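Presented sequentially are two complexes of chain A, the first with chain B as partner and the second with chain C.
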Partner chain A sequence: MSELLTGLLQESISGIALGCIYALIALGFTLIYKATEVVNFAQGEIMMVGAYVNFFFVTQFSGMAGGLNGWVFLAALFCSIIFAVFFGIILDYIINRPLKDEPVFSIIMATISLAIILRSLTAMIAGPISLVPISPFGDSTIQAGGIVISVLDLAIIISAIILMGLFFFFFNNTRWGIAMKATSEDSEAAQLMGIPVKQVYRMVWVFAAIVGIISGVLLAPRMALLDTTMSYLGLKAFPAAILGGFGSIPGAVVGGVILGIIETVSMGTLSFHFAWIKEINDIIVWIVLIAVLMIRPDGLFGIAKVKRV
Partner chain B sequence: MLKMIGVETFYGKIKALHGVSLGVEDGQLVCILGANGAGKTTILKTICGITESEYGTIHFNGIQIDRKEPEDIIKLGISLVPENRRIFPELSVYENLMMGGFLIKNKDLFAERIKKVTDYFPILSKRGSQRAGTLSGGEQQMLAIARALMLDPKLLLLDEPSLGLSPKLVREIFAIIKDLHKSGVTILLVEQNVNQALKIADYGYVLTSGKIFLSGTYDELYEEEKVREQYLGEGKYTRRAKLWGG
Partner chain C sequence: MKGRYQDENLKWIPILIIAIYLFPFLIKNATFSYKYYLYILNMAGIYIILTVGLDLLSGFTGLMSLGHAAFLAIGAYTSAILVDQVGLPFELSLIITPLIVGIFGFLIGFPALRIKGMYLGLTTMGFGFIVKRLIIALREWTGGSAGLQVSKASFFGISIKNDWDNYFLIYTFVILAVIIARRIVQSKLGRAFMAIRDSEQAAQASGIHLAKYKMIAFFISGMFAGFAGVLFAHTSHFISTDHFDISLSIFFIVMVLVGGIGSIYGAVLGTLFIVLMENMFIPLFKDGLSQYMHIEAGEFQVFIFGLIMLLFIIFQPQGLYGMWLKMRIYWKLFPFNPRKRFT
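Entry: the complex of A and B
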């Protein structure tokens, strides 16, 4: 029995790490949706681009430094974030500005096209062969009371918490953060206050790109192979966002973490004890999605959908 | 101060303003009257640059503003209190005021303005940390006005401030407007509550389907039978009622 318990605990921590990555993807997705009402289906692709770009920087820098060390990874992360800023600005120009007031359907088609284009471009530039991602922490683990935790998972959890903490601070305490909230509530009224709405939108896309790219950087070392199919994990931002309450930022985070735990735990110890869970593991998040939509469509942190006319 | 000449604004292919010309002098309280859909709100939105005019010019203190971005127009000293108040319901009262003063970069000036508007509307400082959406209708209107006053505008545009308020609150809001006007703010007011609005206004414009149909002071407008009949509730039926009443 205690074996089951430690197993569950260990997997929960691993699940929280995976969930933090889902949470970041869902966060980027929700940021854009809340502010601009654009449903961005390319968030997973942004994550994938992040993983590739970071891999590129890591190999470049390790070539220059003559080997892998902590500074190489930090420098690569820094450069990836700078890349994310430009990436976000470009996405704002090609997706958000021209499509701002178009019907939802056109916007969805455009972001799906963007997703396919990003995937193909990545495959063209990086080549068709899967890469072997490099983890800055190797396989090192730490042990605490019979539970083995991978250092990578711990690092993922800590970086995600730091990143989210920065975002929450920004949103609740800074002039521009509150302006962003105001713009997503009522963009015309925000304009009347002299808030430069276009700049706010650009900032939102840049933020979404940054969390997307970082989620890619964090996720890649957890995977055995890095290829363009990684982007499909981005689709899990939807069940995460819906579980937490569509359009709610804390909801996206909590939804992502819960989803990560459900997935990891069901795949590990539980599947060892109940064989049938293994069979449905791939679809378990989607079952959760449908269940949430049926039982509590507003999600855990749901905001009643009242649209002012 | 403000001069609109022959302004025409379109919503898609629909013409909302058919060559509107009007002027607001320094220190005046000017009122635009008209039925629903006459284009009153459009005039204010066009001045602010939210909707762009197709033809005509708008000058503010000698500066042409009809091709400028809203934020540049607001920086020149025009603030709009929009129809239905349009406060940010999920933000706190204080954050709403903070957004009203978004363009103020100087911290001391910002604190000074916050103090000024909360002195003017003490209820708002009492409710500072409350979510703005939980305020009552009258308080929300005060917040909307306070938010616009944060930038200390030279010209304040008010779009139906009495909409959806009880008669008592309507009187209160009008008293506030009158007070603001006395303190030296130039005001362009759009109202359906014609009687009250004209009483405090220096000058009035009557708008019908996107055109200025009449203009004048309260007395001049009162002279016009059509205005009395259509806007002041004094038609042939009221005259007949008086007849019966003896």
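Entry: the complex of A and C
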């Protein structure tokens, strides 16, 4: 019995790390959705671009520095974030500006087409060879009371917590954060109050790109190979965002972590003990999604919207 | 006499139908590799049946579906199992399978009563993933992930041996599907659909039972997809879950969107445009371009798709059919057209 318990605990920690990545991607959706009511289906692709760009910078810098060390990874991360800023600005110009007042359907299709473009463009530029991602922590692990935790998972969890904290602080305590909140509440009223709404939108897209690219940087070392299929993970972050309540930042985090744990545990211990879970473990997030939408469409933290005619 | 289509010019429709039936004879004389083109046209025909159904759901009722490949998959597998393992004749499968798929559509319609817009898109997407996994799980009947061989069909004693025979079978059904869809759109049902699309509150206030009509929309759309599924299974002779990916569902939406969402002819045009693009023009274009730069085979097509889709959404939201309408009005008013109306 204790074996089962340690197994579950072990997988839960790995699940929390995966869930933190889901949470970061979900945070990207949430930021954009809150401010502009655009649902960005390309967040997973932004993450994938982040992983590739970071890989490119790491290989370039390690060539320059003559080997891999901590500074190489830091410099690559820094350059990736600068790339993310420009990327976000470009996305704002392509997707957000022309489609501001279009129906939901067109916007969803536009972001899907953006996702297709990004995925195929990345595959075209990177070439057919799958790349092996480099982890800054190697395979090192920490032993704690029978549970083995990989340093990478720990780093993912810690950096996710730091990022979430920064965003929380930003949204509640800074001028720009409050301006964003006001814009998401009512963009016309915000404009009348003197908030530069266009710049707020641009900033939101930049933030979403930064979050996406950082989640890609964090996720890449967890994957065995770097290829474009990792963008499908972005789709799995939708159930996370909906479980937490779409448009709520704490909801995105909690939903992401819960889904990460559910997925990892069902793939590990539960599939080992129950044959039928083995059949459904890769679609379990979608079953959760449909269940949540049937039972409580507003999610855990969402507030029911009342539509006035 | 006032009829349903009094404001439309119907004279060209019989000519078009005759042209559809004469087309294979034309390309048989024109090119040596006509069998390949016939195969592509058959696939286009199957997709037209599906996208017309999808247009009824997404374009007319305003319910987004990102899981239509799943309906196609259910149709294809059901027909393959019914014909090859149960031993039903193909003609009976053509009736039973769409009904079964329609019932699946009915089931996915339940959440649609509470969920709107993007959430519905995600639900149907999840449905697509779940169906794909279930097909693999039911490996005793479906052959799992290895796929399933499907026998050739025979239609009332005429065995459908090759793409030549299949063309006439499929395009008969395509014409039927388009006619039926246009009848639906012009009927009370279609008007109810459009009322729901334009405003659910207003529709409800005018006495339209939202739940009933949304379920009917899903049922009808499922039936069209199931029909396409039957033809798909017996045209490609081999089905596996790889055929029915999420990207295929997105393709279907692209076809409807490029053609012009909310018009039946638009769905037909968009499907033809996308399928012909994929199979003929992009390879030609790629060959021309690959003299200058190195290009990966599959990715370039996908890239062009994404680009076309994005450009259509941004610059031409009414799609190909909307473009055609604009052009027609332009020529009708030719010397006196006010410039600003056509920007």
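By our rule, the second predicted complex is superposed on the first by the 306 of 309 C-alpha atoms of A that agree within 3 Å, B and C clash if a C-alpha of one lies under 4 Å from a C-alpha of the other, contacts with A are read in each partner's own complex, and residues count from 1 in each chain.
Here is the rule we go by: a residue touches a chain if its C-beta (ideal position, glycine included) is under 8 Å from a C-beta of that chain, and two chains touch if they have at least 3 such contacts.
What you are looking at is a predicted structure, and each value in this text was computed from that prediction instead of being measured.
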item: Partner chain(s) touched by A:Leu5 [first = chain B, second = chain C, both, neither]; value: neither
item: Which of chain B and chain C A:Lys181 touches, first, second, both or neither; value: first
item: Touching partner for A:Leu225 - first (chain B), second (chain C), both, neither; value: neither
item: Partner chain in contact with A:Leu235 - chain B first, chain C second, else both or neither; value: second
item: Contacts of A:Ile162 with chain B and chain C, given as first, second, both or neither; value: neither
item: Chain C versus chain B, contacts on chain A by residue; value: C
item: Contacts of A:Ala291 with chain B and chain C, given as first, second, both or neither; value: neither
item: First (chain B), second (chain C), both or neither touched by A:Ala110; value: second
item: Partner chain(s) touched by A:Gln191 [first = chain B, second = chain C, both, neither]; value: first
item: Residues of chain A that lie at the interface with chain B and also at the interface with chain C; value: none
item: Partner chain A, residues of chain C touching it in the complex; value: 58, 62, 64, 110-111, 114-115, 117-119, 121-123, 125-127, 129-130, 133, 136-137, 199, 201-202, 246, 250, 253-254, 257, 261, 295-296, 299-300, 302-303, 305-307, 309-310, 313-314, 317
item: Of all residues in chain A, those that touch chain C in their complex; value: 39, 94, 98-99, 102, 104-106, 108-110, 112-117, 119-121, 123-124, 127-128, 235, 238-239, 242, 246, 279-280, 282-283, 286-287, 289-290, 293-294, 297, 307, 309
item: Residue numbers on chain A that touch chain B, as the complex places them; value: 175, 178-179, 181-182, 185-186, 188-196, 308
item: Chain B to chain A touching residues, read off their complex; value: 48, 50, 70-71, 74-75, 79-80, 82, 84, 86-91, 95, 98-100, 102-103, 147-148, 151
